[in-house]
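Shared between the two complexes below is chain A, which has chain B as its partner in the first and chain C in the second.
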Partner chain A sequence: MFKKFKRNLKIFLLFSYHSLKTAGQSRQAMVFFTLGKVLRFLFLFGIIFLVFSKTKIVAGWSLRQVIILYLTFNLIDTFTQILYREVYRFRPLVLSGNLDLILVKPYHPFLKILVGGADFLDLILFFPYFFLLLFFIFQENISLFSFLWYLVLLINGLIIATAFHIGVLALGLLTAEVDNAIMIYRDLLNLGRFPIEIYQQTIAFIFTFIIPVGIMITFPVKALFNFLSFKNIILAFFLSFFFLLLSIKLWRLGLKKYQSAGG
Partner chain B sequence: MINVKNLTKIYKVYRKTGNLLTDIFFRKYENILALDKVSFSIGENELVGFIGPNGAGKTTTLKILSGVLFPTSGYVSVLGFFPFKKKEAFLKQISFVMGQRNQLVFDLPAIDTFLLNKEIYEIDDHLFKKNLQKLTAIFSAEKLIQKPVKMLSLGERMKMEFIAALLHQPKIVFLDEPTIGLDIFSQEAIRGFIKNYQKEFQATIILTSHYLEDVKRLAKRLIIINQGKILYDGSLASVLQKFSHIKYITLILEKELKKEILLKIGKPVAYQFPKVVFQIEKKDLSNVIAYINDKIPYVDLVIEDEKIEAIIKNLFKNHK
Partner chain C sequence: MSKYLSVFILTLKEYFAYRLSFLIWRLRVFIGFLAPFFLWLTVTKQVKNLTGYEEKTIISYFFFTHLLSYFILATRTVDIAEQIQSGEIINLLLKPVSFFRFYLFRDLADKILNFFLSFFEITIFFHIFSLPFPIFSLQFFWPFLFFLTVGFFLSFFLNLLFSFSGFWSTEVWAPRFVFYILILILSGIYFPLDLLPGKIFSLILLTPFPYLFFLPVKMISSPETLINKIDFKFLFFMGSFWLIILFFLSRFFWQKGLKSFSFWGR
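Moving on to the complex of A and B:
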């Protein structure tokens, strides 16, 4: 088991090294790409400060709490962008038929098509988000217990994000459609930048139970501030497990139905 | 080593009706029978050529044997495994090279992919060095492995694809149109490589190709497939016996003869003095030779079989 994990880790690191070497070939693109990301981050930070210059509380959340929520969103978003970048390149892989050569390799295909193209440009932003988040969290009076729930629910949120990405891959196998599906995911995730309480009750329900962006982002932060009931924590674990199982089932169905390009 | 019984594969293909609403909401699908109850076995260290026109089912067969595709029905066993289960122990013993697909990282030198494959297939350092040296030597490609793949020509890239696919010494190699799009020199290099590799590593190789020359040069056994059915499975030499009823006789005449004398053999397929070519039925061969020896003064006489390309072409034509 440990040997298998070690080997998979080695393969993952080699894929990541290839990805880094490939990205390093165009230095200008690297600079502009990073600059764009920093500007986007600053712009949204500006909006939050603008909103709170007019009002003290939004849907029961204070400025600092909204900042922590926003940084949590960015942390999850950046982490999935770093790790699951290869999903964005899945469609050409299916259409060109090169996916066939991955399917005959003796490793789980997710090693390549899910996590095989780690994007190190996003890593540049990951650490500022992480340290800013810690900075704002330590400004608050938070118990160790709440902080641990926050971390556990953060991992739970990443499991849901993983399930989303596996679902997109399965869809790619079944329909060769990836681009729109991943953009829908991105748009839905963006709705999680703000507390789900700002949306109408019906929409908040959808974002919790059907498209669980609320569970991914709002729930960990709610747990941090003791806003989340134990019932909801259990529900969050149950839903992430359910979504992961569903996405893996969908992937297996996709493999069975996969027709491959050409030939 | 490979056992296939009644293997069937049906593709579900979306058919456009031209009506936008119907195409979106009431899609029509058509079942395409790619393989129709195909059965064959392949033993150890065999090199089998799969030939057939486009859409015959060659690549589909290879993709099922390698575990890429799930068969609709039938029995498939490769090295004792059901390929689609994609067991690691199975995948470590096979390799797949496709003429127009690639596993090499486009922006990086091929050596990076080789080192990745070393980890994927858990090849120990000594074996990796030995195999890399051997394989690059067969291709005389020692210098190419350090060049970024995007800088290589198609032929050079194909050589690197072969090395990447064979570093782990697979027991079974699936080659799907490996020489497609290559110039004659690269084709020749690839053919030589396949021959050397099989001899050196005792591998079982299944080769599909549009170029009959590949199959003629490499395979002793031939499987001819058309519209998902196997038309022939046997030795290359037996194809002639089984399907060819024709011989060609070429004569270099000593002097010009009256037309009637030549017409007694049959209508020549080509005639330009002093060369004349006849196409005759095999069963008439001895009578015709006796007649020529008796009646026709000639400088040279050559008897040839029908070209294998023509035999196979006729076979496909008759099977339509």
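Moving on to the complex of A and C:
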């Protein structure tokens, strides 16, 4: 078991090294993309201040709580982009038939198509987000117990994000029609930048239980501030388990249907 | 003229050939609309007078932003950079058509299709969620038409300029990404720009971004909140200024690019 883990880790690090070398080829693009991402982060941070310059509470959330929510969103979003960037390049593999060359290799295909293209551009931004988040959390009067729930639910959110990415891979196998399913995931996740309570009840319900953006981002922050009932914590774990299971089933179904049409 | 009409019709037909991809793109646009809309709707429900905005004016602002932003921003000129680099652009250069007009009509088809779908989806959304029908004012109809035209061409020339960078660089997506972020920040897609403190708002009015669709949206949704803040003559001047500058810049870089362009093997 440990030997297998060590081997997989070695392969993952090798792919990540290749990815780093590729990113280093276009330094101009690196500068522009990082600049764009920093600008977007600062702008949306500014929006929060603009909103709270007009009111003290938004849908029951205070300024500091919304800042922590926004930074939690950035942390989850950036972490998943660092790890799962290769998913964005999956569809051309299917269309060209080159996926065969990965499937026949003696390692799990997820090592290449899911985590095989670590994005080092996002890694640059991950650390400022992480330290800013810690800074704002430690400004609050938070118990260790709440902080632990926050961490556990954050990991739970990452499991849901993993399920989404596997689901997108499966969709790429099942249909060649959808070429931007991963971008829909990104758009849906972006709704979690702000408290889910701002949306109308029906939309908030959909984005909590059917497309669980709320569980990924809002729930950890709610747990941090003791807003979340124990029943909802259990529900969050149940839903992440369910989505992960569903995505793996879909992936297996996709593999059965895959015919290597482009090869 | 008939050849450009054919370009228009063919562009529409292209979309109907890839229906699902286009519908998914519309879904993405619509999801993007939800966050700013509900954020500011929540704020106006709590704050009765938000620098001149009330619930009904904010609804109206975002309704028209959704309609007009993608009418203005929708473009097919993004293909140009790729065509320059692959050499495919030669096919167009050898044809007896004006390059600018060819892409203008492609853009027009894209914009009209996006406009109708935006209208369709937002009307259904308003109906499902029982939102009040947005208020609008025809008092400033001519300024609305003027700024809409300015926005239309500004977007066209700005997009052309970014595509022409393909003559000199292979990195065309990265600068365009920064451009999209600037649009997100400075064009009023996420919030009405006049909510900003006066000095910042005045500074933004010096850039071309508010002339894309913020001003046409304001002219039709809530011109009264802008009348007392800004001299209209200044807005007309700045809008025209950017339009002329970008027109000449895009022509200049097109001619310069053509001179430096070479390709073989086709």
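Methods note: the second predicted complex is superposed on the first by the 258 of 263 C-alpha atoms of A that agree within 3 Å, B and C clash if a C-alpha of one lies under 4 Å from a C-alpha of the other, contacts with A are read in each partner's own complex, and residues count from 1 in each chain.
Note that a residue touches a chain if its C-beta (ideal position, glycine included) is under 8 Å from a C-beta of that chain, and two chains touch if they have at least 3 such contacts.
Since we're looking at a predicted model, the values are computed, not measured.
A.B. asks: State whether A:54 touches chain B only (first), chain C only (second), both chains, or neither.
C.D. replies: second
A.B. asks: Looking at A:40 after the superposition, I want to know if it touches chain B, chain C, both of them or none. Which is it: first, second, both, neither?
C.D. replies: second
A.B. asks: Considering only touches as defined above, state whether A:190 meets chain B (first), chain C (second), both or neither.
C.D. replies: Second partner only.
A.B. asks: Which partner chains sit in contact with A:32 here, chain B, chain C, both or neither? Use first/second/both/neither.
C.D. replies: A:32 contacts chain C only, not chain B.
A.B. asks: By residue count, which of the two partners contacts chain A more extensively, chain B or chain C?
C.D. replies: The partner that reaches more residues of chain A in the superposed model: C.
A.B. asks: Using the superposition on A, tell me which residues of chain A are in contact with chain B and, in the other complex, with chain C.
C.D. replies: Comparing the two interfaces on chain A, one with chain B and one with chain C, no residues are shared.
A.B. asks: What residues on chain A touch chain B, complex-wise?
C.D. replies: So the residues of chain A in touch with chain B come to 7, 10-11, 14-15, 18, 21-22, 25, 96-98, 100-107, 255-260, 262-263.
A.B. asks: In their complex, what parts of chain A are in touch with chain C?
C.D. replies: Residue list for chain A touching chain C: 26, 28-29, 31-33, 35-36, 39-40, 43-44, 47, 50-51, 54-55, 57-59, 177-181, 183-184, 187-188, 190-191, 193-194, 198-200, 202-203.
A.B. asks: In their shared complex, at which residues does chain C touch chain A?
C.D. replies: Contacts found on chain C: 20-21, 24-25, 27-28, 31-32, 34-35, 38-43, 46-47, 50-51, 129, 169, 171, 173-175, 177-178, 180-182, 184-185, 190-191, 195-196.
A.B. asks: Would you pull the chain B residues touching chain A in the complex into a rising list?
C.D. replies: 11-12, 58-60, 62-63, 66-70, 86, 88, 91-92, 94-96, 98, 100-103, 105, 107-108, 112, 115-116, 119-122, 176
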